[in-house]
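See below for the structure under consideration.
Chain IDs A, B, C and D follow the sequence of writing; residue 1 opens each chain.
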Amino acid sequence: MDFEFTKQQQDVYDAVGALGKDKFAKRAREYDVRAETPLENMKDFFDAGLMGMTISEDMGGMGSGAMGTDPLLYLLAVEQTARYCLSTSHCIHIHCHGAHLVDQVGTPEQRERILGGVMSRGDMLNATASEPGRTARGLYSLVTEAARVDGGYVVNGKKNYTTLGDAVAYNILFAGIKGVPMPDGHIGLLFPKGVKGLTIEEGSWNPMGMRASYSPTLLLDNCMIGDENVLGTPGFMPRDRWQARFHLSFAAQYLGGAQGVFDYLAEYIPKRGTAGDSYAQLRMGEIRIGIESARWLIYRAAALWQRKEIAEAEMFSMLAKHRAIENAVIVMDKAAQIAGSSAFMADSPLALKFRDLRIQTLHENIDKSAATLGKYHLGQSYDVTARL
Amino acid sequence: MDFEFTKQQQDVYDAVGALGKDKFAKRAREYDVRAETPLENMKDFFDAGLMGMTISEDMGGMGSGAMGTDPLLYLLAVEQTARYCLSTSHCIHIHCHGAHLVDQVGTPEQRERILGGVMSRGDMLNATASEPGRTARGLYSLVTEAARVDGGYVVNGKKNYTTLGDAVAYNILFAGIKGVPMPDGHIGLLFPKGVKGLTIEEGSWNPMGMRASYSPTLLLDNCMIGDENVLGTPGFMPRDRWQARFHLSFAAQYLGGAQGVFDYLAEYIPKRGTAGDSYAQLRMGEIRIGIESARWLIYRAAALWQRKEIAEAEMFSMLAKHRAIENAVIVMDKAAQIAGSSAFMADSPLALKFRDLRIQTLHENIDKSAATLGKYHLGQSYDVTARL
Amino acid sequence: MDFQFTPKQREIYELVGALAKEKFAPRAAKYDVLATSPVENLQDFRDNGLLKLTISEDLGGMGSGAMGRDPVLYLLAIEQTARVDMSTAQCLHIHSHGSHLIDHVGTQEQREHFLLKVVEDGALCNATGSEPGRTSRGQYNLTTSAERVDGGYVINGLKNYATLGDVADFNIMFAGVVHKAPSMGHLMIVVPKGTPGLSLVPDSWNPMGMRGAASPSFKLENVFVPDDHVLGEPGVYPRERWQAKFHLGFAAQYLGGAEGIFDILTDYLPKRGTAGDSYAQLRVGEIRIGIDSVRWLIYRAAWLWSRGEIQQAELLSLEAKHRAIDNAVMTMDKAAQVAGSSAFWADSAMARFFRDMRIHTLHENLDKTAATIGKFYLGQEFDTTARL
Amino acid sequence: MDFQFTPKQREIYELVGALAKEKFAPRAAKYDVLATSPVENLQDFRDNGLLKLTISEDLGGMGSGAMGRDPVLYLLAIEQTARVDMSTAQCLHIHSHGSHLIDHVGTQEQREHFLLKVVEDGALCNATGSEPGRTSRGQYNLTTSAERVDGGYVINGLKNYATLGDVADFNIMFAGVVHKAPSMGHLMIVVPKGTPGLSLVPDSWNPMGMRGAASPSFKLENVFVPDDHVLGEPGVYPRERWQAKFHLGFAAQYLGGAEGIFDILTDYLPKRGTAGDSYAQLRVGEIRIGIDSVRWLIYRAAWLWSRGEIQQAELLSLEAKHRAIDNAVMTMDKAAQVAGSSAFWADSAMARFFRDMRIHTLHENLDKTAATIGKFYLGQEFDTTARL
């Protein structure tokens, strides 16, 4: 075994850490108030050469992403970003996924056209399957419908939680092909910026936390998408369990977020004069232990992806994500207890971290991820892609 | 509101407390080794006039039991017994239930014959629905079968966990009437001591804990039970949700058991020289808080039974039992941590308390009791009698 | 025992429940934004005679409060208020706290002077011990100083967390008499609104939650307090452990807040379509169990006050408060998990409850509270008034 | 990073896994009853060269142990043993611990004298610091005394918890040099079996669990220890924080034990017919997540030792041990809940695991371990060797 970063991993870790500390942390409050996409931060990623982290080397990328040669690399960037600004980490997470999807599933023409723009101009991408009411209906029961017409599809429906939806060069959205049952009719489509029929629903983004990961609802009204903008073959997403390939960069966000709270405490508690308190020491230690117990699960899961042990990697990624969420929630509870109420002024960094982490940990119902693992070990049928 | 014991409650509380401390605690180790019914303890209950706690006043009893005039009374006896010997508390619990069943459901002749023996001779009773494999099959899916014949039923099958099974004047056992679907065919039968065809399965009782609540498996081989020994009408048990009337005296056992662990710590920790330790104090306080949070739920649930608010009482009893189990498990974990390994010699009182409480808390799957409450509050169908 | 409300308790419970639902709930978002005292709600309390809850009957009050005849009564009002608006509940708590102090520590002359204004004109009181940095200094080590002069004291210093500070007619404050030990020099004074030298510190109230419980800082510059505005002998507050008499007022707020979250959940989940989900049922049930386990500890502790068993009452009040906080945090964690992120719109009641509860549960250091209980049972020195 | 076993690690993992399954598991119940060292299992270790795991290669060992070239190797052997028998795992741990001490603290002459007997003849070592009452006195305050005489020391005192005491060829023991402070007078000596004045205290080993890890008390009456049986300078053990080098050997036992319970569960629940149950699935999944979160902390900590980052290695070893205990307790609680009481027959492997784990997790005071980590991060003094 070897628990060391490669040179490139260390470089990314340090570079993003520096960006986070010097730039993202300072801008976090402002973007939170405005509930706007942190474009300056995304520009910093581009300037640092990090927009292509999950794009293959042949396109000039760094080859990370679950299916890439170094799955851990971009997770470190996500983790380090989350330490300073969870909203920005979610933005870079979703961009990395959009780019990875096009990289792995796109046609040569799409890769050239779309990823070329990412590499050269810092174009952003995303990927959205979510729709209002999906939790109760089931993951792949989409109401948004793509009707086959000559040369493409006409799409009608509504997608929510479209992070970066206002800023991307292409919104990657998922719909159901009219008349084709799920999961075979599950189709991915690239909606170019400015495409006719796509509008942002007014006032559709105003959450308690994660406000700067602006994720509005998109309305699709007879939106025509040509065949050149169909991503992969219908059903590829459920068939290849793509959803499971994104578990880890959620986990990295929770890890980074918890670490950010820890960083804050390590600085704040001694200043407050309570570093000698038995219980402050106890809870601080428990928090640290929790963070480490999540960290090495994530890194190990990334190693499984790298070795292409896909089934193992999917399961272990889910496991790592579960522990990361569970730990993040515990960290918040214990951290609040020892920080005390004076640390929670409305415009304080800790208040922002708590609002963000509280919301972001709800991306998964951890009871269900635990139960999925239980099903596996009890010989029952299971689905590693299931998400709230 | 008024949180005080009545005079009679206080008397029973004190009397059983004294018995527990002076008698049961001292005998606990010996009965545990032998895995035998604690007959001396049961005799002490009789001598103290406590065998009829759950029998109505008209028969000379004290009118306790869920359907009685003072539901709390016998719970206090169970709780106080559990503080010193959990096995004995389970024995008195099951006897109280058997007696309460006959009292509330029996014919005048049965009450006279059977309860008369309890009051005058200290006869014991029990009540057993359990069968091997029932957890997977469902609560009322009994395999033991009662075939109707002239003048009664011929019973074949196997009942397990029959506490006091070797010692009772009548084993109250439940079976399914041949040819009648459940729950209508669920029938209660009184098996007199020495009845032909009833044998105890050799070696069927050897658990890790609760050993003195000797609960062997009974084999029923063409056992003829006359009509005079049929208890109530078929289906009365599921129909009237009798199972829910026993939640609280399980809860009282968990409360008493946890209190017993607490008692031990309050004496042991100062002797060990660690009473000044910050963390011993923390955990000791947490344990105390947990115990009190269970206690007042149980007492309040008993008050609901007394007011005949049956539906409320059933639900709240389940709630109290859940919290009592949850707390008992937490108490064990925290108590062990501050007691240290030297407190756990094989023949130590603490080791016995832990083995007993560990096993006894498994009478209920607390996830299911919580889910039942959740169903109720979410407007789903629910069953308050469900037990593991 | 008797777990029923008295007619008066029932009346207050229903009255405040109705006010909460019809009046306070619709206004809660507004005061949360404004971060000022909820003057309309306070007017409703005034109009319904609820500002005199903790004033003795001889002055026309309702005789509640820890030292009153019915300690439960005002807790029900606080609990029911907290169910829709934690900030307003804290305002009622602090006013009840202040008026109870004057009622029981003041001279007959002071009682009449101050409390008749409350009873007849609906004047508002508060009580502020807090100062910046007090957690690490110890709760009775005040830096606000009182210098003895002819006919009174001259006060200089800074007090923070002065709830109702923007509207209170009488500010009860604490200062340290110069050159005296905290136990002998802890001075309790009444500083009426508009007293020369008393000024609110601008922008001193902007927390993440509890914003409607406006608690700004006060600056005191050479404030003259005449002898007839001094309450009791110096040191009476710590010596008589008054702080311990207010534990339950906090506990009632945490209980009400958890009920409020539960109310939202049981309304929301069926609408969301997830009421049939096993894990939603489990967590909702667990939350219910937690809430009830808090409720009966609080009522029981209140009852102990009414019997004058002060030490037991103090200890059980601490227990109740600990369990209430523990449960409030657990409720938030589990509720979030089953509600999902869509329930947390920035201006939603759910988001407000989370922000409020997160902050407000930090009024106590949970670990220290538990350790205090532990110290008592381990025969160590303890202080039931200790607060973060 | 690379999370793969080396071929040697894989070989040991498989070898011990096979021994455990085929040899140790069937014998576990026997040694549990006998409460003596598992001599047949120790013979299997001997026959397979596993007694030299933590001895350096120059003497023919495998070079594992905290200060060895591959710290992971022996941990895998301990973990795999614990999976079926925690007592035998503790025996292997203590022998590995003792031989590692001699290897790294002894002179070349001592190394050859003692360790060649281990390598060539399969001699057994142990290491015993414990004494009655040490928890409240502090771990290095020994009452066993060493008096300086010509050519050596004369030892008098009582040592307890001497694992392998009934069979060890060399007992490594600790004593305090008379009139010296613990830090300077902490003496480490080798007392061979049969040394005059050394005697086992009869009936001094009868715990609830871990019975096969026979750890009786030793009486030392005027035992003469020559200078060539003194290991290192006095005080070397506390000064070099040797205790911290053995944290991981414990952690591996807790990990293995939790895996053992998991193995039983995943075999038992499908047979019991409850593998399809939502809550069984949830809890089994949670247990799995807990186990893996422990595993990678242990391996990572072991790796830090191999890189010579001693302070970081000590801290992360403490973290790993804390998390391993925390998880072991959680595993027991959840496993019991889904297994139900029928799984706990007195002579069952499940019951044994619970008795063993309950005791064995008490080797450390979890709260103090966490507080140590907290102290480090809060800039307070800390001691990574502190043990209950």
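By definition in this document, contacts are C-beta pairs under 8 Å (C-beta built on N, C-alpha and C of every residue); 3 or more make two chains touch, one makes a residue touch a chain.
None of the values given here were measured: they were computed from a predicted structure.
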Contact-richer chain pair [A-C vs B-C]: B-C
Farthest-lying chain, centroid of Cα atoms versus that of chain A: B
Whole-Å gap separating chain A and chain D, where each centre is the average of the chain's CA atoms: 42
Approximate Å spacing (C-alpha centroids) for the pair chain A, chain B: 51
Per-residue overlap in chain D, given as positions that touch at least 2 other chains: 278-279, 282-283, 367, 371
Where chain B touches two or more other chains at once, by residue number: 278-279, 282-283, 367, 371
Interfacial residue positions of chain A with respect to chain B in the complex: 278-279, 282
Complex contact set, residues of chain B against chain D: 133, 135-137, 206-211, 272-274, 279, 282-283, 329, 333, 336-342, 344-348, 351, 354-355, 358-363, 365-368, 371, 388
List of chain B residues in touch with chain C within their complex: 1-6, 72, 262, 266, 269-270, 275-276, 278, 280-286, 288-290, 292-294, 296-297, 299-300, 302-304, 316, 319, 322-323, 326, 367, 369-380
Of all residues in chain C, those that touch chain D in their complex: 278-279, 282
Interface residues, chain C side, partner chain A - complex: 132-133, 135-137, 206-209, 211, 272-274, 279, 282-283, 329, 333, 336-341, 344-348, 351, 354-355, 358-363, 365-368, 371, 388
